Amino acid sequence: MEKMMDRCGLFGMFDNNGFHTSHLIYYGLFSMQHRGMEAAGICVNDNQGNFSYVKDEGLVTEVFDEMKLEKLQGHAGIGHILRYDGSDARENAQPIVIRYTSGHMAVALNGGLTNIEEIRHDLELKGSVFQTMEAAEVISVLISRARNNYPTIEEAIASIMPMLKGGYAMLVMTPRKVIGVRDPQGIRPLVLGREDHSWFLSSETCAFDELNVDYVRDIQPGEIVVINAEGPHSIQGMPAQPIRACIYEYIYYSHPASVFGGQEVYKARYNMGCHLAKEAPADADAVVWVPDSGLAAAAGYADTLGIPMVDAFVKNKYYGNNLVKPEGILFDRKIHMKLSVIKSQVKDKNIVVVDDSMVRGTTAQTLVELLRHAGAKSVHLRIASATISHPCYYGASMPEEKKLIFHEQGVDAVCKMTGADSLAFLSSEGMVAACPDAAGGFCMACFNGDYPTK
Amino acid sequence: MEKMMDRCGLFGMFDNNGFHTSHLIYYGLFSMQHRGMEAAGICVNDNQGNFSYVKDEGLVTEVFDEMKLEKLQGHAGIGHILRYDGSDARENAQPIVIRYTSGHMAVALNGGLTNIEEIRHDLELKGSVFQTMEAAEVISVLISRARNNYPTIEEAIASIMPMLKGGYAMLVMTPRKVIGVRDPQGIRPLVLGREDHSWFLSSETCAFDELNVDYVRDIQPGEIVVINAEGPHSIQGMPAQPIRACIYEYIYYSHPASVFGGQEVYKARYNMGCHLAKEAPADADAVVWVPDSGLAAAAGYADTLGIPMVDAFVKNKYYGNNLVKPEGILFDRKIHMKLSVIKSQVKDKNIVVVDDSMVRGTTAQTLVELLRHAGAKSVHLRIASATISHPCYYGASMPEEKKLIFHEQGVDAVCKMTGADSLAFLSSEGMVAACPDAAGGFCMACFNGDYPTK
Amino acid sequence: MEKMMDRCGLFGMFDNNGFHTSHLIYYGLFSMQHRGMEAAGICVNDNQGNFSYVKDEGLVTEVFDEMKLEKLQGHAGIGHILRYDGSDARENAQPIVIRYTSGHMAVALNGGLTNIEEIRHDLELKGSVFQTMEAAEVISVLISRARNNYPTIEEAIASIMPMLKGGYAMLVMTPRKVIGVRDPQGIRPLVLGREDHSWFLSSETCAFDELNVDYVRDIQPGEIVVINAEGPHSIQGMPAQPIRACIYEYIYYSHPASVFGGQEVYKARYNMGCHLAKEAPADADAVVWVPDSGLAAAAGYADTLGIPMVDAFVKNKYYGNNLVKPEGILFDRKIHMKLSVIKSQVKDKNIVVVDDSMVRGTTAQTLVELLRHAGAKSVHLRIASATISHPCYYGASMPEEKKLIFHEQGVDAVCKMTGADSLAFLSSEGMVAACPDAAGGFCMACFNGDYPTK
Amino acid sequence: MEKMMDRCGLFGMFDNNGFHTSHLIYYGLFSMQHRGMEAAGICVNDNQGNFSYVKDEGLVTEVFDEMKLEKLQGHAGIGHILRYDGSDARENAQPIVIRYTSGHMAVALNGGLTNIEEIRHDLELKGSVFQTMEAAEVISVLISRARNNYPTIEEAIASIMPMLKGGYAMLVMTPRKVIGVRDPQGIRPLVLGREDHSWFLSSETCAFDELNVDYVRDIQPGEIVVINAEGPHSIQGMPAQPIRACIYEYIYYSHPASVFGGQEVYKARYNMGCHLAKEAPADADAVVWVPDSGLAAAAGYADTLGIPMVDAFVKNKYYGNNLVKPEGILFDRKIHMKLSVIKSQVKDKNIVVVDDSMVRGTTAQTLVELLRHAGAKSVHLRIASATISHPCYYGASMPEEKKLIFHEQGVDAVCKMTGADSLAFLSSEGMVAACPDAAGGFCMACFNGDYPTK
């Protein structure tokens, strides 16, 4: 699908054994690179409460090298990868690292707060100044201000949680602790892992798989988990509300091998394809999947209808930002470079293309064009999620409401725009039914406008 | 499969219309980046017979940027991407550009000559000196020396072809011509394309697809095709022998969408999977394919036996050379980073993994390990080509004979090394049968030692 | 002399005419590069009160290029170059840019505050957090907190000036103003320039010379000059105290062509050489100067005594940080690389070397060694300033007290260490007498411990 | 003076003791960086006759780093720095390294051959091809072709020397030798140095000074010095003709501390100033020198006439290629950035500016403009060499004849163009008289058209 809705990734650890903290966080972040490509940062605690950090714009592999990782020596640390739409990813890289009365504090945030501007303004009135656009900076000020009134940092965090409206997961590091926080409705994910006496916090379980760390459990809605030299313990930062996990993590954001709330992501995507097949079957000769996103849903769709799934698109794996873009006459030649088509797979066939989601429809348009050029008889588009009609305020960087194609257009108009012979989407009920193993409910606000917070 | 046998790529053109020569060659090379990652080069002719070029080590997108392409102005040009094992790809980047009595000449070569050292030594005795290890440099000297004795450059090329023992395709650019040459047995591929009055030569048809250039035909064994302002014409450089096209182009080297000699590569790979299924069926619950190489063969295998094909491996698309490598204790943690496994797809199942080829067996070993760690009940390896037992002297950079695993070991020993429950290969007959559309015979020397030249 | 005491540079402007703000600040900073090599930054105001900035570690020419300057569009702006000893110049680059209740504010500081830690701690108790080690960040918080209580920003600045103990010059930019502030004793310099309706603030007049801007006057001790669309006007931020200008600006920091308080720097240096000649004549055949610092003083010394001044040292102008350092056996070879000696100028002569100042004595040691190796009969060192015995708290990055060579050692011991035949320094009286045109007194605390503030 | 006539530098060594060959060559080249800034290269012999090399465009410190030097292990080696006017310094970097019947050979050249095109053409007719524009490549082919006919490489070199018309110094490295060659008239310099059992060849003695290597002697005109494990021995490659050393080495090219033929460069320059003072005195209040070139001549001029020499120009030492250039309105502001003027030194004075040479007159124009702007009453230009009226064919990259300002204009016209009140040059006789210690005659062809070769 169209690249547009990634969000941030978090990885933190407290190591009682060895000392490869920065390297392990590096690999943890790298395994979740799909959650954010704009910036990356790691902050470590040198055992003495002195924090050092490296953060910059770029991929994990661009921001860090062996020399930088070597310099980041410590037994505890937190890392962050940033998904950012603005022009200055570098200034907004996290973790935010501050000095205040109780020493150093580092904060990394995944998520969105609907009232961030109000909180920021309120703090400005109280004399605070801000150097970035990041909510994490605002939260660091809130916590530091609350700190003096509470015996522990976790109680200070609990005291400010009622102010934070939205969906978020957060890591906070202090001189003696690494702390994980999840919003009271569990909108954004956060999981706990363990290896002997070392403990880990991550946005996704796929990072644990890579490091051979055992997945222990999901952090609960409203929970504050505190890891120190004695291991983890928790307090309930806010009363847990019924869970409203972001369903988009299953549809698109997360790694297919990750598991949240008992539900494996790949399996959910496959199921979405199955339900889509039942809801919107197509009379086609072949099901085609879209690299890299739509494989699972296409398999479910194909298996359900008994239509053969074929490989038609080949992605050029060297495609990237440094490719010189075709312009002028070259642009008119329709040099796609990113995807090519294996003609024999589609020529003279009725094709159904299954993708995971649709935001602006431009990718779908290209797919249809490529298939028709390769000789497809007909092209039917099937999207394994519902139509996106509302903006997300909890951390997904979707376009403004006005720019969402389904804000003003119906499915028929969009189908016409893409050039497909038919277009259908999975229903909301189908999406939910595709995640039978997930405990609790979902946030599906971007599909139906039912926001879990005001 | 294990990365080890890429080979060079060629792209040339003579443009009677527009003037995007360097850009078009750039996109042509980029679409064949899989043929060589070590170096890239483009040389253009400015209409006046003055050649300018840029060549360096690195990917196409690393060697060139818009500014460099802009400087390479001309109506004709040739480009090259290099697969190189040595330490100094930069010094050996092609095209080789020389000045001699008849002005400039640029030479780019894909292939291997078994008697290159003898030719070089002979030329040294005649007073030539060499600055690279490239056969292309030797050939440029041969041609320039022959040039004075013949009225045309193509006749000079024809005169030296009998000296060249091996398999090769070659581009030669002179002040007024772009010339393509294919060895008399057609071991290495070369195809001709056209768009209006512009003509193109390429190693693969996939480059034509990208540029919306029409594929005209394969260059014939021993043919010298000369493109100038009047368009292409040919002479027979050497008598054509029965074709012996490299079967490895079908098995692994080429882009799946490419077509050689009438046979589409993807279809050949799929057929190899079908034949493999018949020759070596496995009693398994699921067929697993290996990114990125084994998809086609796995599909053929699964379809033939009616076993469901599942997605089990997920490749981290950000994996690359700049990843900090896990060392010491981190290495022992078996941090793979490149591939991860979707556990639900393989847990408690009997798995058959289909890959396209096996050179050293180390990749297979990792695959088996990953699947067993994810809970597979049994793991059967099926390779959709025969065992490689002989070195290639025609341009494939395979290990020396002694390092080929099947030089000393049998299939059983290798199976044990990989940790698989069973291991089987496709027969030579199966490989040939999988390419029914290909006109003529194949070079399968690396499988059976039957070399087309001495 | 030994590189060690540079300090920061400031350049700001408010342009009512054209729009080359970022370029002009760039050239202004570049002309004062000698004041700080660690980092550089420019922040501009886009006419609408929106600030954009670029800052990073490195030289002015490394931090900025045409593209970055083009992006910094605005009619007003301030720039800063940083002299920094710590390990992370990048995090401490200025200007500090913040958002607070009244919009954006940018602050750039040259100088040192003796009570910065107390102020910071006090602000932390009030809920502020800090992300850098820079006093400029602390000051930005002070001003923003005071802002609500005063009708204008300049009054807010005036209200916090009594809290700032030390020597400083400062630029503050707000959505409608560019403001210059100088400490009440005028320890650090700040000058005002004009070109038609555009107004400029700079640490040194040499920047005005480069830009063909007219030098108007020095900002007065305690003065706050406010430049807006109507031009400049001033308020007295604090009552002016008797001026105590840093004499080290004349000795070493400033560009020789700069003028402060009516006194040209070059002339002051020349005079110091004259006074030194009278106080400590040497019976020598030739006066040798040290690139690049000691030319003026050596000329004064030579002229006063009638000894010929000769060129003996030649600096390798390509010498820089990226030179591979000689190590091991190569180090023992005494490969200096930076300076070479013209032997004929010193062989068999009695030489007097005049340098501007001495901090650790290591440079002097090298100079003596080079001259003796070249055949000098005797080598006399004359330093055109007094012995440094006290640390500077006002912005000069000198070593701690203990590391100053004259903290524990007398002149004789240092002379012995350098290997010179004799060593003498200019008296404090001589330094003052060398600046007859400067209005007011000097801070000479690093020479005599008489600090203007507590 | 105007930068335009640098030329190449050579440094080679044969080490019987230690193994810092590449490092020592690196420092040797670095100390002669003024001879060429476009490219640098080092080739070493690993004791076994295998050559490895690194060469690229850029300064010595840009081309090499510790890692690259470490890889260049060997007991013997030669290095080169290139002065190049063309667009592709990289392709023309030296040494040229070739393989031929007798193994490896590396060649580095400083100088120019008037008949290089004829030789190249002749070799092309014999079947040679060329990949660069460098004469060194042509010479490597000549030597390799001659090699078979002579028992030793030095005899082969001697056999081709009569073919080489022009001025040159050359280093040749073979598997067992490092060889230095100087043209039969000694136009280009080459000197021999020693440290214990290690022997060195260099373009200038300043490199020996830096490395604490003892200067032994100049290589004689026509001499071939061969250094191998037994030390150096010589043969006379061609009969020595009367020496015609390039006088421009004394005027501008060489390091002031270097000595050729017994004459120190600094002293020669000082003497030129003295003679100039006698030939063309100026009634001035002060003599001003031009950084970095004119110091010595200005001192001689001032001393002779008893006029005080003052420092008026200050060069911005951070000035370089990466400075964003002032364009448009900024250009019209006359932002020089490179040089600034100390006004008090020139205001209301009659100034005489002494520079070493004048090629196009543009620098002089800028100097006059700067001085007048700073308030000089009058400005007299004195050039410590004669007017350049003929092109150099022996390695100096001067403009074509037509572009030399004195080709068509007289001194008066040029004086007017520069805006000076008067302009005078040193006579040819004065230049010669300024080098009394130099044995033999000079090539002064660029001044008088008397070329030593046809």
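Order of writing sets the labels: A, B, C and D. Residues in every chain begin at 1.
Going forward, contacts are C-beta pairs under 8 Å (C-beta built on N, C-alpha and C of every residue); 3 or more make two chains touch, one makes a residue touch a chain.
Remember, predicted model here, so these are calculated numbers, not experimental data.
When the contact pairs of A-B are matched by residue number against A-C, B-D or C-D, more than half turn up again in C-D. Look at where the CA atoms of subunit A average out and do the same for subunit C: the two points lie 48 Å apart. Centre-to-centre spacing of subunit A and subunit D amounts to 61 Å, using the average Cα coordinate of each chain. Computed from the mean C-alpha positions, the centre of subunit C lies at a distance of 38 Å from the centre of subunit D. Not a single residue position of subunit B touches two or more of the other chains. If touching chains are joined by edges, the resulting network of the protein chains shown is one closed cycle, each chain touching exactly two neighbours. Inter-chain contacts occur between A-B, A-C, B-D, C-D. Across the complex, subunit A meets subunit B through its residues 18, 20, 23-24, 26-27, 30-31, 33-34, 59-62, 64-66, 69, 206, 209-212, 255-257, 264, 266-267, 292, 295-296, 299, 303, 308, 310-311, 314, 316-318, 320, 322-324, 326, 329-330, 333-337, 340-345.
Across the complex, subunit C is touched by residues 96-101, 105, 121, 124-131, 140-141, 144-145, 148 of subunit A.
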